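Think of it as A, B, C and D in the order they're written, each chain with its own count starting at 1.
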Amino acid sequence: MCRWLAYSGSPIRLEVLLYKPAHSLIDQSLHARMGVETTNGDGFGIGWYPADQGGPGLGEPGRVVEPAVFRGTGPAWSDRNLRELARCVSSPLFVAHIRASTGTAVQQTNCHPFRHGPWLWLHNGSIRAFPELKRDLMVAVDASLFPFIEGSTDSELMFHLALTFGLREDVPGAVERMAGFVEATAARHGVADALQMTVAVSEGTRLWAFRYSSERASRSLYFSTSVQALRALHPDNPVLQMASEQARIIVSEPLGDLPGAWNPVPESSYAVVQEGHDAIRTFRPQAAAV
Amino acid sequence: MCRWLAYSGSPIRLEVLLYKPAHSLIDQSLHARMGVETTNGDGFGIGWYPADQGGPGLGEPGRVVEPAVFRGTGPAWSDRNLRELARCVSSPLFVAHIRASTGTAVQQTNCHPFRHGPWLWLHNGSIRAFPELKRDLMVAVDASLFPFIEGSTDSELMFHLALTFGLREDVPGAVERMAGFVEATAARHGVADALQMTVAVSEGTRLWAFRYSSERASRSLYFSTSVQALRALHPDNPVLQMASEQARIIVSEPLGDLPGAWNPVPESSYAVVQEGHDAIRTFRPQAAAV
Amino acid sequence: MCRWLAYSGSPIRLEVLLYKPAHSLIDQSLHARMGVETTNGDGFGIGWYPADQGGPGLGEPGRVVEPAVFRGTGPAWSDRNLRELARCVSSPLFVAHIRASTGTAVQQTNCHPFRHGPWLWLHNGSIRAFPELKRDLMVAVDASLFPFIEGSTDSELMFHLALTFGLREDVPGAVERMAGFVEATAARHGVADALQMTVAVSEGTRLWAFRYSSERASRSLYFSTSVQALRALHPDNPVLQMASEQARIIVSEPLGDLPGAWNPVPESSYAVVQEGHDAIRTFRPQAAAV
Amino acid sequence: MCRWLAYSGSPIRLEVLLYKPAHSLIDQSLHARMGVETTNGDGFGIGWYPADQGGPGLGEPGRVVEPAVFRGTGPAWSDRNLRELARCVSSPLFVAHIRASTGTAVQQTNCHPFRHGPWLWLHNGSIRAFPELKRDLMVAVDASLFPFIEGSTDSELMFHLALTFGLREDVPGAVERMAGFVEATAARHGVADALQMTVAVSEGTRLWAFRYSSERASRSLYFSTSVQALRALHPDNPVLQMASEQARIIVSEPLGDLPGAWNPVPESSYAVVQEGHDAIRTFRPQAAAV
């Protein structure tokens, strides 16, 4: 049961969202309110697209930029390097994740985000009976992608299944096929309600956020509809006063208690954050041909 | 705000106390009930006197045995090496500590227990305004002991002050002089209510546990009066059924909810666990000549 | 290119072999002489069968004992916990490994030894073109064993292939089938000289050590023929003076320069250390039916 | 015996110097040639002044900027986060250090660089008989600086002594007084040839590099006299082709074998790198009034 955050907008320093809010993501590593566990101390990670090498509004839509990833195995709350980076790094699009392991090892290769070329992926939730299903799921990963799986989590495997099913061409379709394949595989093993997920995906210019579970009781997910909400959260923050109108934050749980600032992503749906026209659409698992 | 445990009795495997009880010390690393913080995830440590090299009842009272110390900087709840050791190591006298840092670095040299020759020391609490008082306190440490201070905590410094004030000859007296010296130093700096502590000390045959705070509102501390209580906690555990009648456990908070099993150590007092005649006595800080 | 050590005999403290010899395994972590790399600083591990719970000569041949495993991701030379354990733990059968990664992540689940029930496995060498072959090799692992693969190394996968091919019933045969399967899989991919290995295996009473490479230019491997050699290495060590005549050490490279103390395991062969009748036999990869 | 590097010039990505050269600093972590030890695997650190927040040539000479510091306790050669940062972070002035401990603990607070406000400090060498001298040296640290000492190294203590002796007003003078004080303190204890050091210091616009030892046999230290040398090292590197003429690198040992590229800093002297007029001057320890 993890917590995560994704930001897209004009470049801001990471600490503005990771440390400054009253119920910041780092605070949630010790005191999460809406998760199954209050403590998310089994590692963490951030991924960011450098401010000067791409990102929204830079006018280079076709450019492939490999984002930076920083991951640690200790709790986020006491990590000094994370605090340093958050203070000094600015980015127009970044994600952050704090982990509560559901049993797999606490190691860097199990920390989110996972990366493949320009793509970042992070996940909260789990695949039920994963040890039993793992082999059948792994066999479905494309042979060219197989060597890139480094850790042992369901989350990383879901990412590589989505890549196998066409993530690079059609993000929502590939995630729907991944979900459908996981559910079909589970069904063959007699496992019901197999998938529980909120997922964030990006390639540096757009940001997708999914909320879905087989049992239709998905983990919480919220988005900030407008930069006004963000500014109201931090009236004294000069960076936010300069933030572009397109700035959006998506989070597992709200960063503060400001009324009206946060909207739940509906059950079985996904949001796209992109220049000009954000959208929320229905999410439906699809059959996948392996 | 840490949690700790100390055991003295016939040799048992560490996991019997660290992992098996319903509200074990490892459970307390995630879900402490009586501390200021519920999470104690900033490192941990265990110290044990080998079963075959000394300890109570081995008939070698004058033998000096250096105990083993194992300390880690991650949370205890996910440490696989700790689980392995707890499963395989037996000891007649051991201590364990889970740490919630009050600001000093999360590093092995700040984890308890601290060791000097055969002596082990662990502490829950703090010295108020420690950064301000630290220099004056360190200067008082005996020159021959000074090089052995490796970390940056108040706890380790308290240990070396107690050693300076004669811990090896008179444990209660040395701890009382240490407390008196800390309070006097704080008073000179205009700091009131300087000391907050529960402390465990051992040299391999006896075990002392102190409960004191300058403001007389000390952190919780409990002891198990009889092995009967322990057996009732674990009626199915064959090791405990074989435990000697002298077995004693001292803990920051009870390991379970068994009525009658745990007794609070009174405010401003200390307990001695030793062969034949346990005792609880009054603790009074004393003036120390530096 | 790692270094490893295995010991079988009367119980001794681990430090006697890990730290005390002039060219001890810990010294080899900084200054290996016979490997491809002089530094083996990418993690380490030890595995031991508790002295009082099994091992050679304890008269319980059929008893299944899960050995203890302690693994760390930093260099062995600076690990304080390893030094503590080596000082305090005694065992009649233990193994130790220092790692030099050939590219896979430095993480605990990639450190040797690997364990399955009572079995321990450690490896020096590699599978050529492992990223390309990995998927075909993993698919061959028995479905019931698949969930136990936690890391990303060729070494751990070789272990699970050997378990798939009957390690628990026939150690040499299973390792020969594993080697044959790896070579056959590599051949299908056009990869020559696929396997390079020295391997140690134990279940707590016997110890097997393999030396093999597809190209017949295997990594170095040595065994001590007699406890006399060991005693001559450490004439002042009282523990060794009490060692049983059956004590044997197998190492990647000798622990010292004593003439006559160390014998190379011949190319393409394996040694069995067991009560009464040690043996060295020829190793021949075999075809395996998947 | 550590290795370090300092750069001042137009902003470049850190990897250009840390990873790309044939005998880069990261390569030196495994294969140092000129140090006492070939392996520098006991932690590492980098410190950098953000490209967009200050540094040479930014026209804000009086601005105080706190540099970013990233430190790790494992070997630099396998640290993935270091590689990520080096790839994505650009800076006009940065330092890097790889550590070979001379006995003190391997922990983040013992890793270089050390920081105080805008100041960075790194050191190669040692104070002889440091455990014996430590108390007298620590007592001399100004009371307001004392709480900022977090680790246990001689290097960090030297930094805080230099701060005590006026580093913020007069860098060379303060370092000379620190050296004089260390030598005088050692002399009182009967310790000869007490100090061995190469030191780098910066506040974000200037860079000082010292080479000194009491016995006049100092650790190696080199500087690149001109950007032409740097360009010749990397003829294909577009970043360097754009580097300003003022770019300077100072290193414990050369990053490659290019003839003429590297000049030794003379024995008992120091270099200042600053806009317009670099200089090399004589270093003479001075008496310090405590």
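Convention: contacts are C-beta pairs under 8 Å (C-beta built on N, C-alpha and C of every residue); 3 or more make two chains touch, one makes a residue touch a chain.
The model shown is predicted, which means the values in this text are computed figures rather than measured ones.
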item	value
Of B-D and B-C, whichever chain pair has more C-beta contact pairs	B-D
Interface numbering overlap (same over half, different under half) for subunit C and subunit D	same
Whole-Å separation of chain centres (CA-atom averages), subunit B against subunit C	39
Of all residues in subunit B, the ones touching two or more other chains	80, 105, 108
Subunit B partner contacts - residues on subunit C that touch it in the complex	50, 53, 68-72, 80-81, 84-85, 87-90, 108
Parts of subunit B lying in touch with subunit D, wherever the complex brings them together	104-105, 107-109, 131-132, 134-135, 138-139, 141, 143, 146-147, 149-152
Subunit C partner contacts - residues on subunit D that touch it in the complex	30, 37-39, 41-42, 73-75, 78, 80, 101, 105-106
